[in-house]
């Protein structure tokens, strides 16, 4: 289902890249919450295409139209629905795709699943464009979490092998959202931009890693086994197109450590149990510990590249050489940063509602 | 909920380490399937404690007692339930834990969630022992998948920094399950064992990575966004205690590649669409491609170590030095290998049932 | 959640009576199905207001605008979303309701649940208008079921104490949908109309019973206990505003029979197991038997009446006399007939997809 | 799935009549709750077979063995699991059923669903015996609700056409549970008993109606459309074997009333909004109003009767005359009374947990 597994809050996303509209329904959100539409739009602008030279030339206003659930921007308790009408789509770019699946895209497996009726135009329901409704829901949840003193911020941790080494404090992290290129160290950012520009110039693309942190999330949420907060967040993060890996805290590096190196020791800080370090990333045994939740998400390079690639013609069953047409980001990572924040915000709000009742 | 999010097949796991029993209920499994109890027991033995010098000294028979759902070892269509009665538990080892949470364990966040009634004995519901009922369900699903020509195998890919470099073919992978120490290259395995033995000698522990492959899974299962097969598998893998990261195909390394390097090119092989390489790991856009599903799971070092560690006394609110008592594996990775297979088997059977109707 | 509990097919309904729009998202519907828009509109017209003298004077076109999931009226496999924009709403009619809850309506309990932010205008999300999106989804499912030789038809079984005694054969039942007043015996229908007109003239309203039958639904769908087909259908029927009771087959009357009178005896008919009578209503032990599914749904009289009624002012905490303003049906039963068909169609399609895989 | 649709509390029931055991897993129950085992056993005894001359001669102790989730009878927060081992089963009674389905039972549709592997012994998973685990879960929930000043009581409203006319106050209702034959008016009860005895003497059976009331349930729980409290309760009640109809408040009779007769007028009572009458049965628009929840459940006559009946031999495809062997209640209604209470208790606890957070 195109619905998350929320217990209290359930997000359904619909639409295809070239359908009349894309949109979302968010059920279970508390009533009486004022949605700051301007702040929401600023958040959506961080994801919107056409902002800078690294993103697709397709320009969409990405302004949500709220159909239900808000009365004068205040939630009334019933499902919130918002849509974005698709305006600037050029469907002729995609006709060949019905026959020749693009390497690295969902074209082929979607064809197997849905058959010839599958809407391949613009990537259909597999388009990165479907993260816009995710960001509408996530943007509302971010405001709700903030009101509850919970802050989520994400940055580009790396593009190809170029890393944003600085760790940064909370205020620096929260400042990231005002940056066009969301890194802590702008010099590292400059190198990453060069790397993207260079790939673009060669008709190629690059991948990268997004790192996110959550401050203020209360201890005691989540649960053992299939009820784990980490599993829940991971499932939501893998729903973002292009994600190939998710790790929490020290993540894969923890596999190289000894227990005595990896364990975070407990201490008291202002009467609260804390850990002196945070290699566990804020979750132990599937339950939040009250320490910042930290995680990293690996994005593959955009599969749509201008270079000719080998594919197959599914009608003639021949191998063909093939160039992806249309407009595509040479690197999706910068625009993925708010998507990671949004995906986390929806799931963490769902969990928080358990606690707030 | 301690239940997976299965659509057709739903697994509920219950029990605590020192409860009367641990067990599982598996709903939605097809009727008329013969469960080979001997093969199932061999699978469970791969996870069972006390098999070698690296696992906890606690000895349990880990023999499931089937309460319902089977008639003469044939599934009758109604929920399958099996339990393992707990016999060899030494609860006195854990009394201190009510006050002093073990670093790296769920003791503290579970205390916040469940309050003083939480069953801390032996790690309660957070014990690795709860993977035994997972393996009962998974072992049955593995037999079902095998009957459908789908094979799952996992190996230790690394212990600390020691890697099992060999890639191996299907028959080598399937032979892993007969090995006491599940690696492809036994020389690499010998180094890993030394590494574990050395950590144990120092009262310490080590982590590692489990790699799994699935052959024969049909293309076209899974779906976009929250319906993704990768997100579903990831959620189930994070349900295994000690997992800190999950990646598919090239995973985090894909973030360093260019699109032209990472894209897998399509070709025809015996009339079927295949990719020439498999960096995508068998899943694109959340849907299976028919190529082997490949993934890696990072396990942290066992948090229970013999070395003294700093923790806090939650009653006196003081910092205390603390030694974990009880019997613990210096490395959980070898016993985690069948758990990864089991977690995958349950989710892939659930997806396959979509296809078989 | 405003979402049904579908396993394969999930329907989410959103909107309030005076929101910008009402709409639905239908996930899991098979791809490649041609939706006959004209037939769908005819179905929606059966529910639409303003058709005859018994329904509210509010006129809406009730023409769905499909936003996603259809490409040239063929389903593409991804969620289907359709909305109806609200045009003819007169919100000033409802201002008093924030303070004075209408007897028999959801105003008071919704106020307790959602607080003062609750959208009380036009009944908000509790308006019978929300059955329009249900009918969009249901209308599509009815076409799908028909293609699978499954037919659903409902009629008015009674208005107040006036009954449509005739039982009717399949062709008569299927002809009901072409009638303005859906009864088998038009003379009984004339008496019912008089009864409604008489109540309307007195500023009052009347209730009634809708009876539905399903032909061609295969045996073996549903399951024991919480998986029962009857429980699933009942839950969906109670989702229709105004429903107070649901019974299957002989229903409440079965409680007065002896086993020897109530049991339906098995026989063979054209090589198929059938029952000679159908007091069980097509479901035994929660599973379909292949006999027609028959059920009856009790609707209360429209709570909105022109007569003055006693209520309370929730601000001054005083008892007040109160007249419901606005436009209301003196009897919702005629318009409820297609809603019952729609609610059944959605659930039965969900179950059928289990079978078709 | 044999699991309810609980949001906070999820009940899974497993077992077949002649399996090794029947049992349940209850997830999401709050931690730290003391389960009074003696009170629980008294509740289970109300449902247990062999209590009086109207119930099956099969004697089972029906004493639950708790496997997990309780530590010294206090819930520890993780799933509660309890089983009842089956001891007194005579499987030879049922061999014929593999070929000849019993009229009025699930034998035939279950055979279609599950195929020849279906466990037909003793009715398998469709046996009324599966209400014992329901009552374990329900009995725990009843204690929890009582601690929250919510009381559920059910009575026999009628057996065949013999009615318990008295309405009764709360204390009389709560006294019902101490009666061997749960009616308010014992003279009416005497007639009902005669009616049952007479049916039994003739090798026949009778049906009846159970009426339930819930006091103290807070206003504002439930929701519109598919989130309705009435739909949720109805789904759970239809999960009890033998139920053919469910109605709330005035129920089917409301369909004969005018709006001015059926609407319950609001008033203030001790500062709280109440209705002067309760024809709505405590739920409006799917949400609780704070008035007692009242409902009636129709049970069909036990399908197992001693009289010869016509059925079919599914192997020879011939019509056969057939006598149901084994031990069966001439009327299931008396034992169904605690089952109705249990089914309601589980669902209402689930809803209450929304409110308590």
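We just call them A, B, C and D in the order they show up, numbering each chain from 1.
Heads up, the rule we're going with is that contacts are C-beta pairs under 8 Å (C-beta built on N, C-alpha and C of every residue); 3 or more make two chains touch, one makes a residue touch a chain.
The structure displayed is predicted, hence computed values, not measured ones.
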{"item": "Partner chains shared by subunit B and subunit D (touch criterion as defined above)", "value": "A, C"}
{"item": "Which of C-D and B-C has more C-beta pairs touching across its chains", "value": "C-D"}
{"item": "Between subunit D and subunit C, distance of the C-alpha-averaged centres to the nearest whole Å", "value": "27"}
{"item": "Length of the line joining the C-alpha centres of subunit A and subunit C, rounded to whole Å", "value": "39"}
{"item": "Separation of mean Cα positions, subunit C and subunit B [Å, integer]", "value": "46"}
{"item": "Interface hub residues of subunit C, defined as touching at least two other chains", "value": "1-3, 7, 13, 78, 110, 113, 125, 224"}
{"item": "Contact footprint of subunit D on subunit C as seen in their complex", "value": "1-5, 7, 11, 13, 101, 103-106, 108-110, 112-113, 125-126, 130, 134, 158, 160-161, 199, 204-209, 219-228, 230-232, 234-239, 241, 243-252, 254-268, 271, 273, 275-276, 280-281, 283-290, 296, 298-305, 307, 309-312, 314, 317-319"}
{"item": "Residues on subunit A engaged by subunit C in the complex (per definition of touch)", "value": "1-3, 10, 12-16, 19-23, 25, 27-28, 31-32, 65-69, 71, 74-81, 83, 110, 113-119, 121, 124-125"}
{"item": "Complex contact set, residues of subunit D against subunit A", "value": "7-8, 78, 224, 354-357"}
